[in-house]
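Lettered A, B, C and D in written order, each chain numbered from 1.
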Amino acid sequence: MTTVSLDSLNAADEAQFVTALGDIYEHAPWVARAVYAQRPFATLAALNEAMTAAVRAAPREQRLALIKGHPDLAGKAARAGAMTAHSKAEQASAGLDRLTDAEFDEFHRRNDAYREKFGFPFIVCVRRHGKDSILRQFERRLRNDAAAETEAALAEIFRIVALRLDQRVEARDKLPVHGRLSTHVLDTHAGAPAAGVKIELLELSAGGERCLIASAVTNRDGRTDRPLIGGRPLPIGRYELRFHVGDYFARLGTPRADPPFLDVVPVAFAIAEPEAHYHVPLLVTPWSYATYRGS
Amino acid sequence: MTTVSLDSLNAADEAQFVTALGDIYEHAPWVARAVYAQRPFATLAALNEAMTAAVRAAPREQRLALIKGHPDLAGKAARAGAMTAHSKAEQASAGLDRLTDAEFDEFHRRNDAYREKFGFPFIVCVRRHGKDSILRQFERRLRNDAAAETEAALAEIFRIVALRLDQRVEARDKLPVHGRLSTHVLDTHAGAPAAGVKIELLELSAGGERCLIASAVTNRDGRTDRPLIGGRPLPIGRYELRFHVGDYFARLGTPRADPPFLDVVPVAFAIAEPEAHYHVPLLVTPWSYATYRGS
Amino acid sequence: MTTVSLDSLNAADEAQFVTALGDIYEHAPWVARAVYAQRPFATLAALNEAMTAAVRAAPREQRLALIKGHPDLAGKAARAGAMTAHSKAEQASAGLDRLTDAEFDEFHRRNDAYREKFGFPFIVCVRRHGKDSILRQFERRLRNDAAAETEAALAEIFRIVALRLDQRVEARDKLPVHGRLSTHVLDTHAGAPAAGVKIELLELSAGGERCLIASAVTNRDGRTDRPLIGGRPLPIGRYELRFHVGDYFARLGTPRADPPFLDVVPVAFAIAEPEAHYHVPLLVTPWSYATYRGS
Amino acid sequence: MTTVSLDSLNAADEAQFVTALGDIYEHAPWVARAVYAQRPFATLAALNEAMTAAVRAAPREQRLALIKGHPDLAGKAARAGAMTAHSKAEQASAGLDRLTDAEFDEFHRRNDAYREKFGFPFIVCVRRHGKDSILRQFERRLRNDAAAETEAALAEIFRIVALRLDQRVEARDKLPVHGRLSTHVLDTHAGAPAAGVKIELLELSAGGERCLIASAVTNRDGRTDRPLIGGRPLPIGRYELRFHVGDYFARLGTPRADPPFLDVVPVAFAIAEPEAHYHVPLLVTPWSYATYRGS
């Protein structure tokens, strides 16, 4: 993806500015144009707020047109290739490109019901959700009235835009759009960090699917070199961490039963706040363990 | 199953005694006959020890005949109906009657290899094992030499007999042939036992099967009214307890995230000692939990 | 102490009955006399309820006289030897006989203020309280109005009486007047109960005093043979359990640092419910521990 | 304290160099002089190693003279003011300046016994020890033979020197002479870091003294802004952390008993490795807590 620095945006002429940021709001280069005169922007946050304010200040019809310019989620557009590259990448992230035919039909039905009721497509910042969570969003938002739902659609657009800006523009500040999932394994039998423990992270779905989305091995400090999820929002949903402590204690030669009381320790939990830091550590001996939402 | 009291055995004449206990050792009423003269037996343990001693004191050929009198495990006998009722019920308990054709073939192959090497059938006290554990027994014992394996076969026969005696004979003492799996849920958020928590116990197999073998709801003291497994040996194998704490905290109205950080808490562990007490409790808040092998 | 069976009370004539129970209510044999006609009592609870009802049914003046018949707590009576034997033993239990001169003066002042305001002595079931807790009771109850405080004094008398009845009368049922403090040490390094751990229980006071009130050594199950406090109400107050786990792990030869990270583990907690069961266990390795109010 | 940069040492002439580092080894400027020719030193570690090597390479008599040049620990020197400023500050850190007369006599006796046996003063890097730990050192090292003890004395001198160098010389690298004691309070009732928890750190001595050496309040992340001990070796000894969680939960309005089950949570532990990181966190609800040596 091409990136651009905030400094060069501040130095750009209008045409360059709109070329660089015109697609940040879907099919709405007018938003970039509207904030051009406010340069220079001291921070990325200031640029983002200016664009948000421009949308809020636009006539109601223009805001509605902005909403209507978004593609149907998992709708015909997804299959017909009419989405912008941005939207395509974002929708893939929630597994929407891996829908079964039955799920595709279900999404389609809800999407149609939504469009029927509100007159515009269902918009959600999909990078913040797993598949189950998006389905729940449909259910909840279908109950809204038109005013509340217009506001909800705009709020989602602002989230989508913040993520796009954060990826597109290099600046000294970052927008608070990313979460982080980390872990730590402490061997309370030896009183030391547990190094070399294999960890898997699975995304669970209500239908019983279990999808491996990350794996890592703990380093000397009992941590993983990189967050299990980082540099993006954490998709709302259910997860399972699997800690392979049986192999770890076997390597250390720790006395154990046969078969060992603990082998792979599963920790199932849900993420509800995409922009938060979830720290889910494990304190473990061959006979006991504890876990918690840490910080 | 017909039971008999130790008192009436002590008062029986030889024919009655042998009728009552002749089938305790498979196809070997001579063992019962051999101990008849030692009546009265003060305890069931004394009766069991006397029978064990009689087997140990018998000529080598008679001990070998006793071993050879046992049915092939999961072998043709299982399908041909030639097993004693005892052996049938015992083998069912390890899921040996639910073998797939491929597994049946595998058991058959190992059984043949075993019989080929040792000249007698593979004997194991199946009530002490899950399916995976029996396969591991095959592997280990096939490496024995004939002397060690004859001893191993006898040890298994003594375990089988102790279980049969414990079921057949009513006495003031019990033979130490039973284990127990229990749990306890403590709500460390409220500082009280967690009542009404649904708990499921699954037996896991190496092949990925998950078989629900017990379920319960915690009582006012956070315990289950009965052990999750009790009154029998605990089959060696891997298990998963599933604690439905999400529903529990929802009923209490405890503040939680949406979706809740913890919903169903899985605790995976292995049982290695069939005659032991395994206590696997859960200390839980909406944000943390701990578990351990307790007592 | 002389005890009497409920059966013999049910069979007694009035003189015997009043001799046996006349002093249960302080200087008020009329209560025993009032319930004599209701014999037989099926349970001790029924006898206790009948006596409570008799007090409630008595004229207001008689109830007031009952209240006034109680000795001053820690007052001159305590030193002058005018208390009944019952009251003396009960007051000793809260350490009231070990008051320093300054504390004696303080109690005296509060007692006088109380008597000044309400016209009767301050009554509290001292076996349910530590010294600090009684001082807090003074503070709280001095703020009551006369009606509320008369009720409070009666409630305390009923508690005192229930304890006396429970000690005096042998019956199939027990009155729910006793609490229990127990513990359990689990070695989660070895996956087994910790046997042979020395445990001390100290009562702490706001003034910084630390009074050893019980000590025990864990048995094979990691428990103490008897509750640390049992067969009586648990005095409201602050306590510290001290678990000598350093010596325990040293005996086992568990690898540790020098000096060991954990030696004597102090667990400080308060008891607020005298009739409850407090279970305060320790899960411990040489490098970690957990404790909680269990059940 | 005057510091000097490694760069300026590398650029210094011999007189300047010896002036700057001549007192790093007690009364032994010859060590600085011996390494002068090896300039430039790429790192502080290289300088330290060079000085160590110079001592090791010196004639036996010179090494012995170096050892003999050190002051008696807590000896007459301490009171007569004959110690270098360095030694004075270091000895104060272990509380050696706060010895009672009895303790002073005891130290004196041991010191004399040591000097009697080995012919040189007892040397220990006092910043790595509490008072009890130094006494234990005396006991252990008095049992050594002369060769082992000469080596032990040199090892302590190298530790003393490394600390002096680390304080005196500014360089890009630091010598690994510092430890760190940190903590973290996690409220597992709320699933969040516990902010505003008052924490006290006490140093305990075998004689029962309890000396407050640090206090702090947790920040928004449940941590303290600075380590409880940092920027120096951790003195070997016993400590108690006191976490004021009662006040914390009261401020939050968390439902609790009266008095609250937990108020001030004491965590007693020992430090055995002066250069290590000790992380001693608390996971706490109003009814439970856990602690461990973390990382």
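Here is the rule we use: a residue touches a chain if its C-beta (ideal position, glycine included) is under 8 Å from a C-beta of that chain, and two chains touch if they have at least 3 such contacts.
From a predicted model like this one, the values you see are computed outputs, not experimental measurements.
The chains that touch both chain B and chain D are A, C. Farthest chain from chain A, judged by C-alpha centroids: C. With rounding to the nearest 5, the Cα superposition of chain A on chain C corresponds to a rotation angle of 180 degrees.
Although chain A and chain D carry the same sequence, what matters here is overlap: shared residue numbers make up over half of all numbers found at their interface. Centre-to-centre separation between chain A and chain C, using Cα means, comes to 58 Å. Chain A and chain B have CA centres that are 48 Å apart. Residue numbers of chain C whose C-beta contacts span two or more other chains: 188, 191, 257, 261, 283, 287-288, 290, 292-293.
Contacts from chain B toward chain C in the complex involve residues 186, 188, 191-193, 221-222, 283, 290, 292-295. Those residues of chain A lying in contact with chain B across their complex are 133, 236-238, 240, 257-266, 268-270, 272-273, 287-293.
Contact residues of chain A toward chain C in the complex are 188-191, 257, 261, 283, 285-288, 290.
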